[in-house]
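A short write-up of the structure that comes next.
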């Protein structure tokens, strides 16, 4: 579709861009005390962008901007998710970054990147979209300029990200060389015609995987995660563990189902691989490694943030696990899990963020006896922890059920077995937080008073975690519909 | 009749229920409730007996049953099986029980848990009667267990005494060992025949649905239950200890009724015993008879002597069943119930007196120890008289009931031995006769030590009094029941009971075992019985008298120096005194072994099983360390390990740390490379 | 006539050198140089393929954008490095180990 | 061998060797200057690939922009007198491991020679084509990257800015 | 909402109510808990009176009673499908009874009453839910929901090593249940709904072998799925090598929770095997039955032996549970009418008896503040009533006739003997050892000289009596006349046996 016609399909992004520019200008006129207006405005902007994206949901799948982007419900799903996660992050960060308007503007730019990432259809766009998210994320991670940990995290993130992107770009250049195209569909056509050397393709695929894997924190590209998650300001960590990761998954899925595989016939559930490489098995191994490493490393962590960092790796493992089967179920499961993960993970991080000053830190130690000091927050935290473990009747359980169901349906029983055993392991460290909160009573500590704002935020996040564990039909229908259009192009 | 039987059976249960719930608050702590209940049962039992006597039909049987458990193909009906055997047994049980109830009025007066005692007695009566009446093995097994628990409760009645508590436990657990066999026997029967009902079992066995080795096994296993309950070797160890219970209990449970349940069971089941099973039964019984008699010689505790005597006499009965002298065996059960209960009650009377006397003079000793007694004849004439009658009956002296039955057994065993072609089976009558002689000896040793001679402790002797009427009347009743003519009516032949009503009512059942041998056993024994009768009679009288004379020679006339003799045969003496060390052997092997085994398992459970699981948890937990090690030694080690080969080793050691972004990058690169290389290979 | 492979080999070597640099240098700016080498090798690849493989010149266009990205990346990286330097007076990445294990 | 080829080899050598200097040099400032040579070498290679516009862009942006930025970086993070000071390095063998592995893999691919086609196009000026492409097919990346640059600008300034005194 | 739902969710309603009661108002909290569990008991009892003994249940929806069947998550074919039959109803009734009694037993919980009672009520609902669910997914949800309150109830209100015990319980059972999750999903994808043709979580459809496809057509698939399910259930039972969580959890848990643990939770393992594993994979059940029987025998003997070595009264009782659950396993491994009915009856009976035992241990612990067996002695003197009831309970546990345990064990023996002779004989040794450890314990605690420390120890009080007496009456009543329960069970279980090849 020509550029001009494409604009009508690009309204959310255009709106976001306009909002970014507007906010930069507004920022100039605001006094320090008034800077929080930017926060609210950015939240509103991303909310509106999300809404605009939702408006596009029923549009037929089209490729826009001369094939640079595609607009399908799959992409829209992740756009909405991105917008939503930004809104929540804005509220999580409100306290800490009240006076830092740049932070919110950068957040919106990342959101724009996340809007583009799931829709890309060209190697160049992949690189650009990932760089927008990446580059700005480095800045966000280092936004606490005076905090040694924060700057260190930024640098590590930056180096790791730059190298990964470099390797990925090199991989893309090889793919370009192998096929002669930069457009994903064209690449797919060429690959499907079957004249491409599979070994070379595999190595290129692995190089690309380095970049994608880094974005979603998959082993062996996960090394940056613990350090960056611990070092970055908590809201940023929360954001990184959900938003960019979701976009990364969208990109990963799109990459897999266009370059590695293509639908076997029309809108079928099954995919045929374009090139003869052992992608499913490889992904399975990586998934197991990812979840195992994430879980096992999280076991002995004393800092909850770092623990959540490792556990985020483990959750990636679960999601990657579903990818081995290359089908509708798997993608639906991942999308569903993303929604669930958004609530529970943000919930945990929000509590971490809002209580860290009151408790004097983010170590498990500090949470001792919280159940008796602020039972509402503690119970909610327990809910998030158990949901992350995957216990019913919480949303995390349903999420995992879908993930496991997807692989079991295709007979990957051993893989699923390793997955569930991993979630047993994960219980141990999640429950250690709960244990500290409830099982260690410390009468000397006074009750904690939390603000109404805190309570509302917790409630907003905990209610879906509970409700989705019991009734999730609308959500799963939403995700299923999103996939439907993805394949129905 | 069924209704009467039901009343007989259930009245004590009602009494028990009332007693256990309200006993404490009732006037006189409710002893009258129990006595009334058993009294009515007693009267009803008499009416039953009268009916049986008027019918005078050896084949008499009435049954009635209702479904109890019904699972489709698996059914158990519960019902009552009333025949002459049961009626006579009912009679015995209600008689002894009633008399013991009455006796206890005096004996147990002032006890703290008086009401509880009566409650237990009632429960026991109920269970024992049920055991007699029920028409199927499962029901019998249930009641079997219940009498066991009553025995446990009553032995441990003085639970504050450790010895009593121990004895109760020992009794129950030893019995459980026997019950284990019983249970397996039951299972074999049910598996083969699909029923527990006695008549159906009879039918099934005679149809050959259960035969051969399995039948023998079933017989022996069921007999194992009897071994436990009737205290046969090697499970006899509990009975002497059971004397820790109150003496009326010893009389009722551990002499007259419960211990005889084993004999009763074997009598009930004799139709299904194969020849091999019967041999086992006979030998166990015969051996026990002799074996425990030899122990009784040296015991000094009056009740223990009686206890071993009981074991010995039960051995007789068991042997009788084993050799096919069915009627004789059951006859001995009845007579023995009377005189042995009498002996216990009489000894109770003595103990009661000694106990009170001790209380008065403020001495704390063992009231049961015969070495403290002597010369009580003058102080306690009635007790002495009845004691003498009972002892004569037990020793098998003519004109007393014991003679009739014991002689029949000895004759039966002799006949059995004669009928067999294997001379080794003469061992059985030899066991029997030897035991008879020894019995006479130790009984008179007991009488002499207690009632004759000079009082060993004059001070104690001064305060000895005859017991109250509630105690002496039951004694006299039992003494009367130990006289021969009670059982020989309408005949008055003192040498044999065969002309009497008893022999008429009780007839040996036809064996259902279909093998040639099974029938043969019966027929030949029957034939030989007459042959053996006269010789058996003569020998037994001679031996009994010899035993009595010897006892007098030893202990009364002191013709023979007991001490010197004892010294001479010290090892034998010690062996007997210490009951052949059976308890010690059990303690050292089974019990200690079990405890060690348990401790081992407990340790095993905590250390190994749990440890195994925990160690996986440990590994899991430490996997993170391993993971760290992987980071430290593999990732970094690759970085630094290779590097250290070139550059200074010491410097690189300091670099062994994570948090290094370049190691991360390298990790990713190596990871990718490794994956690629592995995949391509 | 110069073969495609010549360019590819140069690119491969430079890429490897870039990777090596990233791992080898302790100096953060040095690492940044390594990243630039990598990006340059990528560009060379794209451009070479655009000449020899593609009927269009898409590769060249990608390369242009990558150059721009490299510039942006360098700017941000240097800002971060500068910030680190301000905090610690040192840009040795091996000494950045506030967080580990 | 044609002069063309000799020249090419010379340029290639320049590029690779200077890149090697960047990598192995002990002094960061040497690396920076070697990088200049590498960038230039790349620009010249682009000429061989009939990418005239790219060659110029390479010089302008890389040498004129990025490299200057890097040198600024070097200078700002080192006291002037210490720029020539030896900088510490990680273990060379281990680092080489990564590099050699990567090189090996890529050279392996190249040795497979699996490329889609081999249509060596003749030289034609690319500037106009590129200009047209950027405003048609590549309009979106062009616009998006401007947002990226904006973001990078804000971010870089925010990070690099000296904190206000009152904070 | 039907009766069954009401009965199941009444406690949950109570929990919600309690959440709105201020923390300080302890008596109101207790009363809400008491009333809701009582109402639930009343409802289940009423349902018993309405129970139709002629319906066999197991694999036909029309044969179930009090069925409620709604769609829940339509896209994934998850249904809210509950109902009871002869297998589940006794357990449902028992759980409502024990929940109610356990509330009484928890009357004097020392701290955080609000949390305690609300968690307890959640537990009660989930227990009932497990027994009524006929949709596998629903079953699994209830099954897992149980873990959370249990973890807290042990972990917060437990004994000195509560944290260890709680996490051990949690990890063990979770490890088991995730395997079950796998198996459940595998079943889902290998079973078709005969009506819609899609996959289904409906257990009854899973039971129909004609609906099986794919993996369930292969022996290996069936076998491994059975093993996965088995481990999930076995940990709960607990079967021999997986049992080590039990003593710890039981010992550390507060009295009421021990009651629930031993009385209900253990039964879920065997219930699950009979309810789910057997009908879905009858051939594998048959194939592995010998192993199950062997494990059962090991449980019986091992539990008894280890119980004998215990010094802690509660631990002894805990190990006795291991031993008694062995009878259930032995009984269900033989596929005879007597065996399987005996097994399920043993579940019911052990639920009553062991609840009594734990309550009794709790009574004494409340007074003496320790549970060392050797630390007591002669309590029969100072606590006669308590001793009476305790002897009743212990004799019941020992398998004395006249109590439910005897009938159950006898039926198991009768059922098992024709099938596995040697095993049954070995298992029967258990009755001796059981008598041994129970009597030995009774002797050390109640008999002998009165330990002067406990001269003035108070006898059992009315509240405690009020929870023990109903159980005592039940164990005697069903010990003498078990048919009301057996009639219910036999329809279902005998029918179940016809499904097993």
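Per-chain numbering from 1; labels A, B, C, D and E assigned in written order.
Going forward, contacts are C-beta pairs under 8 Å (C-beta built on N, C-alpha and C of every residue); 3 or more make two chains touch, one makes a residue touch a chain.
Predicted model, so just to flag it, every value in this text is computed and none were measured.
Q: What is the set of chains touching both chain B and chain C?
A: A, D
Q: Averaging the CA atoms per chain, pick out the one whose centre lands closest to the mean of every protein CA shown.
A: E
Q: Pick out whichever of the two, A-E or C-D, is joined by more C-beta pairs in contact.
A: C-D
Q: Could you put a whole-Å number on the gap between the CA centroids of chain A and chain B?
A: Chain centres of chain A and chain B, defined by C-alpha means, are spaced 77 Å apart.
Q: Cα centroid separation between chain D and chain E, in whole Å?
A: 71
Q: For chain B and chain E, let me know how many angstrom lie between their CA-based centres, rounded off.
A: Here the centre of chain E sits 36 Å away from the centre of chain B.
Q: Using CA atom averages as chain centres, what separation in Å is found between chain A and chain D?
A: Roughly 31 Å separates the two chain centres.
Q: Note the residues in chain D that touch 2 or more other chains, in rising order.
A: In chain D, residues 90, 92, 94-95, 98, 102, 105-106, 115-117, 137-138, 141, 145, 148, 152, 155-156, 159 touch at least two other chains, as defined above.
Q: Which parts of chain A, given as residue numbers and ranges, touch two or more other chains?
A: 124, 128, 131, 135, 138-139, 142, 145-146, 154-156, 159, 163, 167, 170, 174, 177, 180, 199, 203, 227, 428
Q: Could you pull out the residues of chain B that touch at least 2 other chains?
A: 628, 655, 659, 661-662, 665-666, 669-670, 676
Q: So which chains end up touching which?
A: Inter-chain contacts occur between A-B, A-C, A-D, A-E, B-C, B-D, B-E, C-D.
Q: List the residues on chain D that touch chain C in their complex, please.
A: Checking each residue of chain D against chain C gives 4-5, 8, 12, 15-16, 19-20, 22-24, 28, 31-32, 35, 38-39, 42, 45-46, 48-51, 53-54, 57-58, 61-62, 65-66, 69-70, 72-74, 76-77, 87-90, 92, 94-96, 98-100, 102-103, 106-107, 110, 113, 115-121, 126, 129-130, 133-134, 137-138, 141, 145, 148-149, 152-153, 155-157, 159-160, 162.
Q: With touch defined as at the start, can you tell me which chain B residues reach chain C in the complex?
A: 628, 631, 655, 657-662, 665-666, 669
Q: For the complex, give me every residue of chain A touching chain B.
A: 155-156, 159-160, 163-164, 167, 199, 202-203, 206-207, 209-210, 214, 219-221, 223-224, 227, 277-278, 282, 286, 293, 296-300, 425, 428
Q: Which residues of chain C touch chain B in their complex?
A: 19, 22-23, 26, 31, 93-94, 96-101
Q: Considering only the defined contacts, which chain B positions touch chain A in the complex?
A: Answer in residue numbers: 620-621, 623-628, 659, 661-665, 667-672, 675-676, 679-680.
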